[in-house]
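Below you will find the structure I want to go over with you.
Chain naming follows the written order as A, B, C and D, and within any one chain the residues start at number 1.
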C-alpha cells in the first residue's frame, strides 16, 4: 500500500548529495571544488556531469564570454534595464531579462547545434537536402547565419572559429562541425548570391557541437552567458536611476491604429 | 524645443559600444576578450568595469563556484525542476527558478557585505554596537551566520575563509573582512553560548568585501552562481520527464485549515 | 532616408490611445468604461476588441471563475507560495507562479479549442480520424479529457457544460462544441473501455470555442484566471510567514541517484 | 520523534479543499461558484475570504477595470510586447510583463492605502504631520498624487472618486478615505502652489481603503488588473509578428558613455 506521506523519492537527482555538514556535487565534496575548478569548469561539471579540462575548458569559456551582451537594444537587456527602474530587486530584474529568452531570442544556438548534427549524421554531401528539409519544417531562417545589424560580419564568429581551428589542428577537437558551419556558409552564399556569414549563434553552436554538448544546453548556456549582461545593465541602470523607464522617451508614445 | 522622436540618448551605457561589424565591451573589442578572458574575468569586467587578474580572479571564481547549488529543497531549485515539467522552454524554467531569489533566499550575501562594511567603518571595537543596531533595524537574523541544516558547520565557509587567509598572507587581499567575519562568529558564540558559524552567505560576503565589490553585487553574483544549479536541475528534470510535477507526490495534497 | 531617431511607429496598437488627460481603450474613453463594464467584460473588450454582453458575458465569467485554483499541489500555486517566503514582492511572487504555465500546465485549454475546431471543420463523422491525426502529431494525450486526481469526474466540467447547454437551448450559443466535446468523451470511452471524462480544460475550451475565442486566448485566459489563485496563495503564505520554504519539510531532502 | 517523511501539514491553506471529484473554495463547492459569482466576486472571495455583493462588488470591478492598461510606454506593457516577439509562450510573455511590477511601477496603490490608513488613524488634523513623516521615511514622492503625463488630470481618478461619492451618499461605503484623498490634494496644492491631483493609484487606493482591503492587496489587485493589458498587448504583438523586437528601431541603438 502506498503511504500518502512517502515523499522519499519524489525528487531524485544525481547532481547533488547532502547531509548536515556535507555537500557533494557530482560526487565531489564541495570543498574540493572551491578553489580547484574555474567557474566555467564548474558549470560544465554540474550541468553535463563531467570534468572539462585545459584547452577544451578554454573553448567553453570562449563561447560563454562571446554572448554576454548585445546592448540595450536586445529585448533581454532592455527588459532588465526597464525592470531596474520599477522598484524590484536586482535578482528579480535579472529574471525579467532572462524571461525574454526563447525560440527566437536566444534559441538559435540550440537550433544550429541540431542542424549541424543532422548534417553530420547525413554526411556533408547531404547538406543541401538537410537545409531544404529544415526550411520545410521550420521556415526560411537558417539558425546561426546572417545578422540584421552586423554587416559584413559578426565579429564574434570569426574569432570563435579561429579558436576552433587552432584546437582542431592540435587534435583537441575534431573540427568537423566547423567544416559543416563553413559548408552552410558556402551553400547560402551560392544560393543567395551574397554572403550570409555565420553569426554568434552559429559560431557558439560550432563550439558546443565540437565539445559534445546536447543541443538544448546550447540554449541553456546562452542563458547563463547573457545573464551576465543582464546583471551588468540592471546594475548600471540602478545606479543611473530613473523611475518607471519605458522603452522610448515619455514625449513619444506610440502609433494608434484603431478606428 | 524637444523633438518627441529624439531617442538618441534615452538609453545610455558605458558597458557596450557597437557599430555594424564592431562590438566593444568596456572598451575592448569583443574579439580581444574571447579567448583571452575566463568567464569569471568577463563577469567582473562587464559588471564592475575593471579587469580582475590572477589570484584575485581565483578568489572570485571560488565564490561563484561555492553557491551554484543547494539541492531540490531550495525554492530556487525546486521551482526550476517543477517548471521543467510544465511545458515551458529551458530558459523560461531558468527564469522561474531565478525569480525565487530575493531578500530572504539569496539576499543574505548582500546584507552581510553591508554589515561588514559598517563594522569596518566603525572599527572592530564597535562590533557589538553595530550588531545591536542591525538587529534593531532588520530583526533578529544576523545575515551570513548560522545554518538550519548544516551542523556543526557549512562546509563551504571554512574552505572559502582558508582561501582568503592564504591570499591575505601573500598580500593579495587585506584580510580585514575575514577578521570581521570571525569577530562576529566569536561575538555570537559568546552571546548565545553556542557556535553560530559563518555560512555560505557570510563567507562569500567576506570574499566579495575583500575584492571591493559593492554590496548589491554580492546579491547579483549569487544570482549568476545559483543560475548554474537552476540550469543543471532544469535539464536533469527535463530528461527525467514528468508532467506537471508538484512539490510533493500526488497522493499527498495539503492540510485544509478552513472551517 | 531613414531617420535613425524616428520611432513614431515602432510600437503600434489598436488597443489604447492616449493624450495628456485622455485615455481611450478600444475607442471608449476610460471614464465611460469604469463603472459600466464588469471586469470580465473589460477583459473581453481589451483582449478581443469587442463588447460581450449579458448571458455571453456570464459564460465567460463562468470559465474564468472555474480555473482560479487547484491547490498547493499545482506547480503554479506551489511556486507562488514558496516565492512568498523568499523575500520578494507580492507581484514578483505572482510572476513566479505565472511563469510555471506552459504547454503542459495551463496549455491544454488552447489545445482542446484547436482540436474542437479541427473536428468542427472536418465534421463530427471525422472525429475518430481527427483524434488519430492529433495523436500522431502530438502524442497520446487528448487535451481536455481525463484527470489523474478527479475520479470519477472533475466537478467543474459538468457544471460548465450545463451552463452551455442552457445557453444553447436559449439560442445564446450554438452548442456545437459541446456536442463535439461529448463526442470525444463517447469515443474515448468506447476506445478504452472506461470513462475518460472531460476535465476543466476540455470544458473551458467548450465555453471559449462557443464564444468564438481564438485558441491561444484559451491559454491566455487560463493565465488570468489562475493568477487569482496565485495571488490568493501568495498572500496567505505571506501572512503565515516562513522563510525559504522548500517543497517538502526540511527534514526530508531528496533521493541521490549518483554513483 | 519526527518522521522525516511526514509532509502532512507542510502546506496549509484555508483557501481550497479537495478530494477526488470534489473541489471547494472558501467552503463553497466549485460548482456552486461557477455561474453564481462574477469573476470580480470570485477574486474577492478567494483572496480576501469573504463574499462581496452588489454595489460594493461594483466598486471593486471599477477599480479593476481602471488599471488594465497604460499603453506600450509602460514598462509592463513594453516588456510583454517585446517578449511576444522572442519566441516564448503567451503565458511566459505575460509573466515577463508582470515581473516588471514593483515598488515604483505598480506599488503606489499599496503605499497610498497605507498612507491613508495612517491619516485615518491619526485624524485628518494630523494630515500635514503624517505627510512630513512619510517623506522623511520614504522620500519626496507622495504615492498616488501627480502624474508626469496626464495634465491637468488623470481621467481615471475623478471617475473613480465620483463612484465612491455616490456610494457614500447611499451609505454603501463610509467616504472617509475619499475625504482623506481630497485632503492630501488640497494640502499639496497649497504647499506647491499648483494642482497635484490624485492619479490612478491614489484613486484606486481610495476604493480599496473604503472596501477594507489590506494595503498589500492593492498591489496584488493592480497586478491582476494590469495582467489584462499585458495579455491584450502580448496577443496583439504576436499577431503583428516581428522577431526580437527591441525597445526602439534597429537603426537607433543607444548612447555610449564610456571613455
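In the analysis below, a contact is a pair of C-beta atoms (placed from the backbone, for glycine too) under 8 Å apart; a residue touches a chain by one contact, two chains touch by 3 or more.
For clarity, every value in this text was computed on a predicted model and none was experimentally measured.
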Farthest-lying chain, centroid of Cα atoms versus that of chain D: A
Mean-CA-position distance for chain D and chain A (Å): 36
Approximate Å spacing (C-alpha centroids) for the pair chain A, chain B: 22
Inter-chain centre distance, chain B versus chain D - centres from mean C-alpha coordinates, in Å: 31
Contacts with 2+ other chains: residues of chain C: 4-8, 10-16, 18, 71-73, 78, 88-89, 92, 95-96, 99, 101-103, 106-107, 149, 247-248, 252-254
Topology of the chain contact graph, where touching chains are joined (line, ring, star, complete, other): complete
Contacting residues of chain B [partner chain C, same complex]: 3-8, 71-76, 78-79, 82-83, 85-89, 92, 95-96, 99-107, 148-149, 243-248, 250, 252-254
Of chain B, residues touching chain A in the complex: 2, 4-7, 10-16, 18, 20-23, 25, 29-31, 33-35, 37-40, 42-43, 46-47, 58, 61-62, 64-66, 68-73, 78, 81, 89-92, 94-96, 98-99, 101-103, 106-107, 149-156, 158-160, 163, 216-217, 219-225, 227-229, 231-236, 238, 240, 248-249, 251-252
Footprint of chain C on chain A - complex, ascending: 7-18, 26-27, 88-89, 92, 95, 99, 247-248, 252-259
